[in-house]
Amino acid sequence: MPAAPPAPGASSTEAVIEAPEVRLIGIGKRFPGVIANHDVEVTIRPATVHALIGENGAGKSTLMKILYGVQKPDDGTIEVGGTERSFRTPTDAIGVGIGMVFQHFMLADNLTALENAVLGAEKLHGIGDKARAEFESISERYGFGLRPDVLVEKLGVADRQRLEILKVLFRGAKVLILDEPTAVLVPQEVDALFANLRDLRAHGHSILFISHKLDEVLAIADDITVMRRGTTVGSAVPGEVTKQELAEMMVGSELPSPETSESTVTDVVQLSLSGVTLTDDAGRDLLSDISFDIHRGEILGIAGVEGNGQAELVETVMGMRRLTSGRILLGEEDVTDWDTRRLRESGVGYIPEDRHRHGLLLDSPLWENRILGHQTRPPSVKGPWINRSGARKDTRRIVDEYDVRTPGIDTVARALSGGNQQKLIIGREMSGDPVLLIASHPTRGVDVGAQAAIWSHIKRARHDGLAVLLISADLDELIGLSDRIEVILRGRMVGTFDPAGVTPKDLGAAMTGGGEA
Amino acid sequence: MNSLKRVGFALLAPVIAVLIAVLATSVVIAASGSDSSAGDFWSVILSKPDNRLLVNILNQTTMIYLAAVAAAIGFRMGLFNIGVEGQYLLASYTAATFAGAALLPGALNIMATLVIAMAVGAIWAGIAGILRTTRGVSEVISTIMLNSIALILVGYLLDRYGLHGGNQVRTKDLPESSQLAGWLPFERPDGPIWTLGLLAVAVGVGFWVLLNKTRFGFDLRATGLSQTAAVASGIKVDRMVLISMLLSGAVAGLIWMPAYFGSAHTYGTTFQAGLGFTGIAVALLGRNQPVGMVFGAVLFAFLSTQSNTLTFQTDISPSIVQITQGVAVLAVVIAYELVRRYRIRLEQRTVARARTAPVQEVTA
Amino acid sequence: MRRTTTFAALLSVSVLALGACSSSDSDGGDKASDNTSASASASADVCKDADGDGPKIGLAYDVGGRGDQSFNDSAYAGVAKAVDELDATCLEGEAQDAEPESAREDRLRQMADAGANAVVGVGFAYSDAINAVAPDYPDVNFGVVDGFDPDDKPNDNVAYFSFAANEASFLVGVAAAEKTASKQVGFVGGVHNDLIKGFEAGFTAGVKAVDPSIKVDVAYIEESDLSGFNDPAGGKTAAAGEFDKGADVVYHASGASGSGIFDAAVEAGDGNWAIGVDSDQYLTATADQQPHILTSALKRVDVATFDFIKSVADGSPKTSYVTYDLKNDGVGYSTSGGFVDDIKADIDGYADKIKSGEIKVPTAP
């Protein structure tokens, strides 16, 4: 076990944390009709980073919940440090040193970092100086650089994540479960996170790292366990396995790749923005002077750290926000003042960033979701009437063509997995021969299989002359799909890149304002 | 999910809710230490109604149903129009004043009066709609206030312009040529089933068609289910808010019309207040569904009407049925949420089965 | 939509619950009167045990019902007396807030169907219902307290009792004027209708007759909604407002809302008075309230009710309009508590002037 480098300010009594060995033996979990987990075998060695990879729906989250005490397994045992344990609640799990860092941060914005750490764990170190000392010592020990009194709302994404990790450490966790921690980070931040994780490992912590980004897994993990269809299908050691092999273990088939084939860009401009500026009520610019053209058959990728104006840009183009100045042309037509419905009627498809909030009626059946956004166009309607049979028939078509896995079109959207929901949305938005597709994070939270399918649908549509505005946080996706990449930073376009020559590092630099552009 | 199962699920929650309400009422009666037992109470309530009461129950049902639809139009898109009370109050007064003036003959007078009642209800509700869309004022607050304003306004106008007689004030009587008593199913003293009860049927069918068959209804439901998704789909939410407030108010305006043309013939002490709030409760009980609300309205009308004889035969105050009604509403909301969750779990399982099934073939 | 629904459910249940509460208030009042009442008025339940062979009475209460310590209780006292003296039996029915007209009619029909031959509707709200029902039961005699015939077809089996409440109000106005230290008094009406305006007019006239410089604050709980007669909380708010503004005597004509006015007087402290209405409310008030109840304007609903029942029993039923005023002791004021003993002579002096016609008490403000 590597010795911890003495951290500045840390007392000499600081001991190396000794994470226990965690073994999951023959874990099985059944829900009526479904086997979520069966015969799962995972061993997390002390002071290692153990990667758990698998498609969405492979059973990772159920396993996580079992390990974190949210659900009880039907079969198998959990051994922590050689002792068999059974957890009834997360409190039991944290009691033996197992903590969880969720993908979606659970922080109170209007409290300080220290208050967030203490909240709910007041009994451990009190709420006074002792808690503050503990906070500062953790922050220093692992180089988190968090100040206790800063308000969380002032923190960036990476700092929030570190605070989440600190929260878990504050509660005495020795084994940390991290659920897709890099999903929200730019490459530079990922590097910083990995440095933190290595530091934690060096101090004796074990980390269960859940991801589907294979490059990252290969970069950080000591051990890799692959899950597929509810069970562990194999394990690997990073030095001895290729990305390709891992991916094949995950999906059981060929690795999808987003790479576009030959260019299909035409000379016809489909969407043109000139000088688009959007100002909020307080007079601040959310978007400043944005201009670009997208041609038929072209995919324009927008790269940027989230919160730099991407959402506003999409909503402005979709007519959901009124721009302060500037002009938008759709083909030859000036659509600056058009509302969303008119734009949609003119052939603008929209894959929203948050499909639950913006893309679906979760409690409505699929065929009603087919109508959403197409309320004024056949086959969903006939004059002022809803065309039930037309909508149902077309929903069946989408379910078939886009491989939406569902027992039927009367199933409510909520019951579908994320990937299938997204496939339904893509199928819907591709209906009625769109001329322009606004795609916001089209494969976010979608498993590898669905991701490949979505990519190929977009590519095929592009081939048929569709213009696409693609916003994504997945730089591989941007580079692989786009014909051109624009980087957005604080509401401005700060650089154009040719995806053929650019690396994620270059883009990351431009996105954080450190680039040459 | 097959249709039989769906019907089962639709019935499950209301049945549970009514059972809980019956239980809670019985407990309250037992706990109140009254000389009469819960058994006495239920034997009075569940006794076969007289012919006269059957007529009353039906007539009440039509008015309660109209009130429920008025509330449901708002609910279906997430708007909380609790101003139904004020809207139908003002509309009833205005309509009665207009009809009593007899500016038009016979049937024409009836038609014009109904239009005016709808218009006044719509305008009153529209104020809340405009306040919400232009100023962001919550319709909950504005409609509560508009209820009070309507009450005071009607009181003032009636006092000022009404006919004073004895200790009462009333509007001019409806001319006989415009009266629409209705159909006598039994003896004359048992009373008629009001003709304009048909308004409830028309409004109910119209509401069902609007919701399920029209684009507008789809937009309305979509806005109610997810405002954000509605915006992204191109629905202008502000416009929808205003239109549904207007529609809700227009239906509210009709609430008292069956009674007015059927028997009251004047707006005065015989005006039945409180239907607006009953309508909200019934809309909840019927889950804002056109058919569900029919059952809710019948239940409420039945309980209220049957409770009238309680003081004759038992020691129990008729107010106790308000507990039954209140508990039923509360229980139905909870029961529906539980059934909804259970149903989603069930569907997710079905989906998961559909997903895993072909895969297992491959791995096998 | 789900959140809306939950919110809506809670709100509408609370509305229903409030309805139930306001009714249970009257039950509470009932209990209070059980504990403190010296009179027979609202204590025992005479109708349950009565089994005489005299007239069979149907008593249909207005909202508030028995236990309102006011109007309805007064009618009940008349019925109790009839049970006592005429061997009468009785049935009771009670109006609910916001009930349909058909419920009122049904209540009366049920009484008539059950064999009642003297049916009394307590409150003018029964006027229309009795007008509709009476022709179907020619052998039953109906009486309406404060009632009137809403159409021009007279019914020969209906009596309408009207009370010169303005005269009684005048007398308690005199009492208020003589007792006020702040030269400011108040009036709280249940509903702003013509009936209650008569109380206001008489009260104001009485006050001004003693000292025209005394200020009279006027408030109504409801503009037109009859719930103003069954809203103690609303009554308390209205009365507290007047006490706050400087009044030290407040007269109420608001039925079962009156207990709120008495509570407001208690909270306003010593030296602040409330004046009751309809029945002698000192007798039914709680021990806390009693020291603050100066007097009550009596409207002898009990007398009218008893007279009517007696007339039916005697075979010469009263019909059409029957007026009760100072002259026939149909109205008056109470002296329980002894707070007006010192000014009794003055008040009686005014009463004589009204009887003789020297003073004409206005009926509308």
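Points worth noting:
By letter and in written order, the chains are A, B and C; residue numbering begins at 1 in each of them.
Criterion: a contact is a pair of C-beta atoms (placed from the backbone, for glycine too) under 8 Å apart; a residue touches a chain by one contact, two chains touch by 3 or more.
All values derive from a computational prediction rather than experimental measurement.
The chain closest to the protein's centre is B, with centres computed as averages of CA atoms.
C-beta contact counts were set side by side for B-C and A-B; B-C has more. With each centre defined as the average position of its C-alpha atoms, the distance from subunit A to subunit C rounds to 71 Å. With centres taken as mean Cα positions, subunit C sits 33 Å from subunit B. Rounded to whole angstrom units, the spacing between the C-alpha centres of subunit A and subunit B is 45.
In subunit B, 225 are the positions where the chain touches two or more neighbouring chains simultaneously. Shown for subunit C are the residues that touch two or more other chains, of which there are none. Residues of subunit A that touch subunit B in their complex: 31-35, 57, 229, 252, 318-320, 339-345, 350, 352, 354, 357-364, 368, 371-376, 381, 384-386, 388, 405-407, 410-412, 414-417, 420.
Every residue of subunit B that touches subunit C in the complex is listed here, in rising order: 52-53, 56, 59-60, 71, 75-80, 82, 151-152, 154-156, 158-159, 164-170, 189, 191, 224-225, 259, 263-264, 268-270, 272-275, 277, 280-281, 283-284, 304-305, 307-309, 311-312, 315, 317-320, 322-323, 325-327, 329-330, 332-333, 337.
Partner subunit A is touched in their complex by these residues of subunit B: 1, 212-219, 221-222, 225-226, 228-229, 231-236, 340, 344, 347-356, 359, 362-363.
Those residues of subunit C whose C-beta lies close enough to touch subunit B in the complex are 1-2, 4-13, 15-17, 19-20, 23-24, 27, 48, 65, 91-94, 96-103, 106-107, 109-111, 114, 124-125, 127-128, 136, 146-150, 160, 192-195, 222-227.
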